[in-house]
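Please go over the structures that come below.
You will see two complexes here that share chain A, one where it goes with chain B and one where it goes with chain C.
Right after this comes the complex of A and B.
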């Protein structure tokens, strides 16, 4: 009886958090004070957002910095809602046939060292990322290749002149790695100073970082968004083990973890804490894909690759795997739900392997293998030695392929040799790969499938695909973008089956219910300024005492 | 005695050099490098130019023999370099964690000694009695139970127990505060891993103490002492225990050295920012310089502790130094 009641209580809590979600979080009046204790599962390589790409840096360091624009913190689940952070008013519409963006910069903003922020700082920041001098690294350079020049006609205005109109420009500017640095720092200390030093204008001021232990931040009293932040400070605690992060929330040593937990961890926490835990869930801008090596026979034959895709029951996988792994959503190459991406109905009718008649798909797969002369194909699936979701999905894939008569072994490697095999040595048959991005920027994100994109490890060339992508990249018209996007998707998933999608990831964030104001986004990199988070003090005392 | 110490010291250097060469070569056998992982490890786009610059900065683009030469020069000049992941000096990275690992090692060793010596002596003195059977079962359980597993049980026990008794689950703090800053906070975090690890090592020491004591208690001089009418307490404490300590000291010394760098899993279970956790991180991140320095640190600690144990051995047993 007791366990049945517990299950019921847990389902009510979970269900209400999902159903009401963030709406209920901002319904009551915000309170000031308190320290947020967040647990972070990855290490900080450096503090420089312009070169790093790990959430281990974003979660503890992003709160110290501002951005020119960002996703709307009050509506982060929308992949198209961008708002100004350091600029004033709305995100500007382009002029000059989509080739000029003029931003008006907020006045009265200061860096932690007291230096006022002007348009010169914005220009210096984007110059560093888009046009780094010889010998200076920038992991954002490729995102800004449409920028021709940046001008500052006055201290309150920044003008971006583009070489061509591009649908990727605004999402690229809103990336959470684009910390705005002080021009003075860049001029006086050089372009590498920010790797080991912090001087931002964000909602929190940097206090200390003890390597491998924690980062401390305290409230910026001069923050420019009125009334924020609500917290006195935050403590980002490094905890690489998932079980530690989970038990820390359960045991009152941490309040929240922003990357996400598997379904089982969510259920355990809800079962243990009942209404003391809130859960938010979201589609995740990460996708797990299968990468056949086109240089290895018989994976040079599109019929074999198509058969591999046809064998996968994506709807069935979603239903069952979502109960044990951080995957759920069936989608094409673009983030599900984005206006540019294909709808489930479209995928079902137009893309191989998405049709609902799984047996028919598999019969067709067997035919294709027979035509190609590889009915009893044996190969190895190269996979990353990480449970969630790689090994879980890898094991499921092997079962799916077994159903069309294939004999597949899994070859699991730890992360470093896994990347070496996938990217450098390329001595694999078929590998699992993944594409995780921050801001949903489908046109940029699908460069993963482009042979010349720099992140495609299938090892093939296709001029038709390149031509479609180049046209898509330089088109400002949304209708034309959708048309080209669909053509690109068909080329990748149908004609070439150069790579194919398994399932999109699914983000699950259970946290202590006294933490209010945070809203889940479709990426663990987004909405991490912590400025809108507050602690319900009465609830905190009720749950943790004193 | 002095010539014995000098001989032992002379053996240290080739041991350290051999270990340095071995760790350098073994690390390079694993394909891939830190730059690939750091800039492309989360599935996003990794700029090839950035990866090239990273390799150039870290010297990973150099031929292996040049990397080895640089490493050995650093080894002999005590320049351990910087972490390939964080760019912080390796000495800084290790220095931050050393205090915690040292404290855990000392606390766990104390727990081990406090449990092992009395139990080992009692077990030997009460041989083949229910007390002896209980002590033997207790120590075998300790040997059979990995300390990280015991650590997990302790955490779960604290969570469940605190919820049952106080109405809210509690677990030990997961961030480190030095003893001199907040002793209560520090001890509330470290006592649990010290207990989990100390119990594990006490089991070995208990059995060693028991068998050494049994051996000594059957010696002629103990029989003589009993014949002289000395009380059992004096015989055990004054005549038997010191002579039985030789193997026990060796075990405790080796355990202490192991604890300094070997708490790889236990530190992760309790989220302790110590050398064991750093070890795991440096290996998984292919941080060659940090891994090499950590291996050399552990080797140096082992060699040093062994050296001190040998000296103590010679001090405890004159036959060793005279030979």
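Right after this comes the complex of A and C.
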């Protein structure tokens, strides 16, 4: 297992180091000063990290906040390299048979309003996420199911007592949404105050947010990581259209975009700017899923669902779609390459729809449809009105299903009604959905496929799947974890075909080469504090003048 | 007294002109309108005979032929891509031919339903007058206060996307526009003696409206109808371009433009250029044709 982990880390790092064009990401002496202009393609629903799940909030707001622990900003590709942010020393090892974690809290840290940060703020923050009072939303509650209680024996110590030992605890604590709030703010203003107000202890202080225009941040002079941040400030510019974001970088109106561009956009930028652009690429902890509605006939029949999965040529899709969309890697339910996830060889032999003989797969799909009495099935694919990669993958899927004689129309909705259809109306046949996670934490990430997980829109129940997951959650042995993980995957993708995987996303970040210090992570949510980014002033002047 | 010399030839009718001669005369008299008519005809032929005219299946992706330039041969040996292929390897020429079907389906349906509904409302409003006219015209004022595209966007936001929804979204804004124009003509027709005569001998309202008033406002109605055709095609393309109209993989010009303009304008310019040209030529053709119809039906312009 250890050697697989090492190989995995090495491969992701290698991928992240890939630089296209002449720009490089090599380290050199950091410089102070300058303002980073980043373009953001999504709106800010609220400032509260504990209830939001969008990069539209993370990219402009994360730099104002600190976390208890985080992924190593100098090694963000690793799924296991966690370091302290507000805690001191190394991330603690558990005691009490893996059920107790004791963190020592950094002293001298202050919030933007001047309030000192203590262990009470950490406890208040995690209490809000793990045990929110009735009526208070927390998107992180499910991740902290293992927490029994949080104690603060003194202002410098916080202790997490777990109900059971869990390998998902540390990755869950390191999630970039876990902004540490001031207990004083929570006590005085309530749990909803942070949705519209910002008071953090991160590398930057909040200056202003002009709706639809920008968010402005300035350097926190009292930041606790020595010598950081390097920038005087940042400006997060709102630009919903991809072409606008691309042209902003090309025209020197912006320096970087952190979510990712499609391959053609990268090629155009590299062609236009040459060595003035640096490109980093990485596998991405995001995947598009096909979600059949089990309450709608004939998708209540597993044979029909299996046929839909069998029709998809994933290897062909990877080869060609990766040239036009931000998808690339063929994988199962877990992040490709992670030690817990299935290898391509395993998938090919054991999971339906992954076999290399596409024609045989499709012949079997036709047989299944015939058995089920739905040879010429006609249905609607519900999709989200976002080009990359939703509409591209949706169009590809329709083509794949047409090849087994199905007649499929596409029904596209903007994000808000799209989710209303999935979550409340439930009046769809088959829908595309996504599973995008921050820290690579496969055991937690695959809760997406669990009927009781809260984010599974297939509308079905299966006790066997629940039992496997609960056992997996409470198992510390890596070999046993892998065995249970594989059983869970087979249950989801083969037996039930309750949902199935299309292609994993692939992250491509081209940016101005005078931007230094940032390293790509396998998620667009990670490594967004901006504290380690600096501007090469000479290169900046060379490219943009003045 | 001399008998007048009446030649036998004077009783003969002038020789009947052939269709070709009449077409030639029309082309000389209305060259632009004639050109517009050719475009309209070509579109209709493309729409009807698309399965025979298109060399490839317009919806079939063929990734081995992604973004092939115009005139290049298929890597699979399937033939020649006259206008190149898009990012899914689909033949642009075939998609443009089938796109005419989508454009005309939406254009004709929306224009015809919108115009006829407007005709009925306009004539009824003029005929009944009084409170009915007053209330109806104020409602029409409200609808006409919104630009066509804004109204269509609002309707799509309510009903959702798809070909049928797009037709509804385009039809509804057309109704008040046609009703307003038809009403103004019907107001004059309503005062004609033959309408009074029809009323005096006891004809019902429906008979008077449909038999005596409506046929006499057909000129402005036809002008509106032809003008709406071009507008409907443009609106359909606009909505599809904004991602709110027809959805993939259905071939539609606006959708093709949307898919290609942002990402491939530089590296594969044929992807947005040809659908853009198709929209331009179609709308230009329908507008020229509509102008010619107006000129032919307007008595003030007919003698010029």
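Methods note: the second predicted complex is superposed on the first by the 522 of 546 C-alpha atoms of A that agree within 3 Å, B and C clash if a C-alpha of one lies under 4 Å from a C-alpha of the other, contacts with A are read in each partner's own complex, and residues count from 1 in each chain.
We take it that a contact is a pair of C-beta atoms (placed from the backbone, for glycine too) under 8 Å apart; a residue touches a chain by one contact, two chains touch by 3 or more.
In this text the structure is predicted, and so the values were computed from the model without any measurement.
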Figure out whether A:342 sits in contact with chain B (first) or chain C (second), or with both, or with neither.
neither
For A:220, decide between first (touching chain B), second (touching chain C), both and neither.
neither
In the superposed arrangement, does A:475 touch chain B (first), chain C (second), both or neither?
neither
So, A:436: does it touch chain B (first), chain C (second), both, or neither?
first
If you stack the two complexes on chain A, which partner ends up touching A:172: first (chain B), second (chain C), both, or neither?
neither
Does chain B (first) or chain C (second) touch A:212, or do both, or does neither?
first
Which partner reaches more residues of chain A, chain B or chain C?
B
Chain C-contacting residues of chain A that also contact chain B:
241, 243, 417
Residue set of chain B touching chain A in the complex reads 30-34, 36-50, 53-54, 85-88, 92-93, 96-97, 155, 158-159, 162-163, 168-176, 268-271, 273, 277-278, 280-281, 284-286
Contacts from chain A onto chain C in the complex sit at residues 241-243, 262, 264-265, 267-268, 271, 316, 319-320, 323-324, 385, 387, 391-392, 394-396, 398-399, 402, 409-413, 417
Listed in rising order, chain C residues that touch chain A in their complex are 59-61, 63, 66, 87-88, 160-162, 243, 247-250, 262-264, 266-267
Contact set on chain A toward chain B in their complex
39, 43-46, 51-55, 135-139, 141-143, 195-196, 210-214, 235, 237-241, 243-244, 247-248, 250-254, 272-273, 286, 414-421, 423-425, 433-438, 447-448, 453-455, 543-545
